[in-house]
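Just below sit the structures, each encoded as structure tokens.
Here subunit A shows up in two complexes: once beside subunit B, once beside subunit C.
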Partner chain A sequence: MSKRYKTKKFIVKREYQILAFILVFIAAGLVLLPKYKKNEGIMPELFVKNAISSERYISTDQLADKIINQDPSVLLIDMRSEKEFNEFSLPNAINIPLKNLLDDDYIGYIDQDIYDVILFSNDSFYADQAWMLGNRLGFKNLYVLKGGLNEWFNTIINPKYPDETMPREAFKLYDFRKAAGIYFGVGAPKTEKKAAPTKKVITVKKKKKRAAEGGC
Partner chain B sequence: MKELEKTKRISISAVLFLLIILIGVVTFKKPKYVFEKDTATTLQKIIEKDHFLSLEDFNSIDPAQYILLDVRSNFEYAKGHLKDAINISTHQTFSDSSTKLLKSLKNGDKTIIVYGENPDNADSAWMLLYQLGYENVKILSAETKYTDGKFKIKNYDLEKPSVNYAQVMQKAQSSSGNKNEIKKSTPKKVIPKLKKKKRVAEGGC
Partner chain C sequence: MGPLIPNGLIPVEWNYVIAILIGMAFGYILEASGFSSSRKLAGVFYGYDFVVLKVFFTSAVVSVIGLYYLDYLNFLDISQLYVQPTYLWAAIIGGMIMGVGFLAGGFCPGTSFCGAAIGKIDAIVFIIGLTIGIFVFAEAFTFLEPLFNSSNLGHITMVDILDISPYWFILIFTIIAIGSFVFSDWVRSKVKKVFY
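Let's turn to the complex of A and B:
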């Protein structure tokens, strides 16, 4: 018996064990694979792509229009503290302080695909940061109110009268903002109360009876 | 004979199995850039609010301690910029040259100070760098503008209400002649709770 034959016999006899051993060996090799950090959320390249786009911003005029028309898809979220929220906020807004953004109670408001979520704060900084986190986690439908409440007060509540040299659109916009302001409770400009119309006495001149003009 | 066929089949499947593993290993692509910080840590960092630098503080520190990073576009940078600032506009962060530069600055002893047109603008760059694992980055809370042929920079108060909103609203309402209260129909927004997807256990290799 040659040596070759012996090994052949050995392999045939223990083929299962050998195959199993190879597989186990490879499986064990997986442990030795180099460690690499798992990425939470989207990849950095995509993150940048979304972050530099200004698509996320919505202007105060657009928002006012949406609220007035009672757009059902809008969900306003106030990122400021609870105290500030209680003092003043936009109509129908929900308060989620920035620090609670990722809490289980609130994440449902942000991570959904039913509403267009509009984030806002005093200016757009907190809202922007919240948006970035949402962006990273791959949440859709997030928007930021450009300029935040400061801009809201400068445009909708207290719009600036356009210069005379400005284009007609500026005046149209001004009119829109004024009207929107009334909707949001600024109150219409004082209209003089119409006094109950006093009865004007018109003295009716009695026709003097003319002396009958005589005929000829 | 039957036994031989069985062996053949087994060895073929074994070879296939090995081949699949081999293909997997060869085609495995490690992502070039990975976020090192998770969102919870980042949120924590944001709340702490110590990543801002006011203009006064900025003027008082020694220029040798920091490196200025201008995240505006190349055009804006060419018009005017802070002294010794390096221009990497946000979308170029992953270009080869900036990657090289940023890597050399990563966790060095110099602070990277980011500025843009306004803090919002610098914020996206800061968010990106921080989440990529840069600890020594700060935002210059200032507004920059190029007007009258000069590059101007002024302080910017973050998240500062311009007016007392509640007061203004009250005043506006009381000064008006006819209070027309809007009927606020507040439809309660009910958001169906999404069932959490079961996460695949993390960790492992």
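Let's turn to the complex of A and C:
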């Protein structure tokens, strides 16, 4: 018998043993393969795509418009510390300090898809970090207020009067910002109180009645 | 249809076409491997033919190994797969009724249609019985509903219950499968052979 015939005979005779061995071998491969930690949340490619998209920002003007129109879908989240939050913040904002972002108490505010969550801090720095954490975990509808409260102050609270050479839109925007500022309670036009014009009192001296003199 | 339709690689209308093609392929394989004969299924109970057990156990083992390799290589996410919810008592009682039906009729629903397609009268009778069963169940559903909806354990798997690594579970499961094949071959060698 040739050697090749022998191997063939072996394979045919032990067909099922060989197949069973292969099956166990492949299953054992799963156990023996080195384990690695899987990425949590969305795929890195998608994360980068989201991160470089400008759609994740909302401008202060857009936000002011939403607040003034009382858009019910907006949820404002202040990422600064509690102390800073207590000093000033945006109307109806919720305070979630960055370090507590993923706490059980707060995660319900950002891990949902009912509201458009707008994150802000003094600039966009903390808010960006929070956005990245959230987006990586696959939370939906997260936005960052571009420029944060500093930008808010520079545009809405204290807008700059446009130069004479600027286009008409700049003036319109200025008007909008000025009006928005008034809505938020600042920069109301000063109404000069005109003092009521004092009436000049002309004192008319009454002539003393002269004693009647003898006439003709 | 898997990742193709949700990702928009092919339009939704292809769902039915693909379903029909897969169904035809499935029916062809069933018939080609002799499942359209009621003796094949009954053979598992009488101990002269264990092909059904071997086929379905092997397919389960192969697919679970394949799925976990795909998951390991990041081609799919196991946690995203849909797990049927477990209704414990409903499943036990339903399984018993179905087992009796298997034994008495010699068909499972799929193979009965396969048998009917090649003109087997017992398969046609089985389908009539199956339809009557569906009708009775539908009419009696109000009474059966408490059982139907009770003991819902949610989307659980053996890995959740036993709290072990899925890889170890797959290995043990594979060994159990092969052990059962060896055992069934042993039983078969003891039982009088039936030719059909």
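Observations, loosely collected:
Please note the rule applied: the second predicted complex is superposed on the first by the 161 of 216 C-alpha atoms of A that agree within 3 Å, B and C clash if a C-alpha of one lies under 4 Å from a C-alpha of the other, contacts with A are read in each partner's own complex, and residues count from 1 in each chain.
Everything below uses one rule, namely that contacts are C-beta pairs under 8 Å (C-beta built on N, C-alpha and C of every residue); 3 or more make two chains touch, one makes a residue touch a chain.
Note that the coordinates shown come from a computational prediction; the quantities given were computed from them, not determined experimentally.
Touch criterion met: A:Leu33 reaches subunit B and subunit C at once.
Of the two partner chains placed by the overlay, neither subunit B nor subunit C lies in contact with A:Arg168.
In the superposition on chain A, no contact is made by A:Lys3 with either subunit B or subunit C. Look at A:Lys206: by the touch rule set out above, it reaches neither subunit B nor subunit C.
Judged by the touch definition given at the top, the superposed model places A:Val24 against subunit C, while subunit B stays out of reach.
Between subunit B and subunit C, more residues of subunit A are touched by B. Common to the subunit B and subunit C contact sets on subunit A are residues 16, 23, 26, 30-31, 33, 38. Those residues of subunit C that touch subunit A in the shared complex are 58, 61-62, 65, 68-69, 72, 74, 165, 167-168, 170-171, 173-175, 177-178, 181. The part of subunit A that touches subunit B in the complex is made up of residues 12, 15-16, 19, 22-23, 26, 30-31, 33, 35-41, 43-45, 47-49, 51-52, 75, 80, 84, 87-88, 91-92, 94, 98-99, 101-102, 108-109, 111-112, 114-115, 121-126, 128-129, 132-133, 136-137, 149-150, 153-154, 157-158, 181-191, 193. Looking at the complex, you find that subunit B touches subunit A at residues 7, 10-11, 14, 17-18, 21, 30-31, 33-36, 38-40, 42-43, 46-47, 90-91, 93-94, 119-120, 123-124, 127-128, 131-132, 158-163, 165-166, 168-169, 172-173, 175-182, 184, 186, 189, 191-194, 202, 205. Within the complex formed with subunit C, the residues of subunit A that make contact are 16, 20, 23-24, 26-31, 33, 38.
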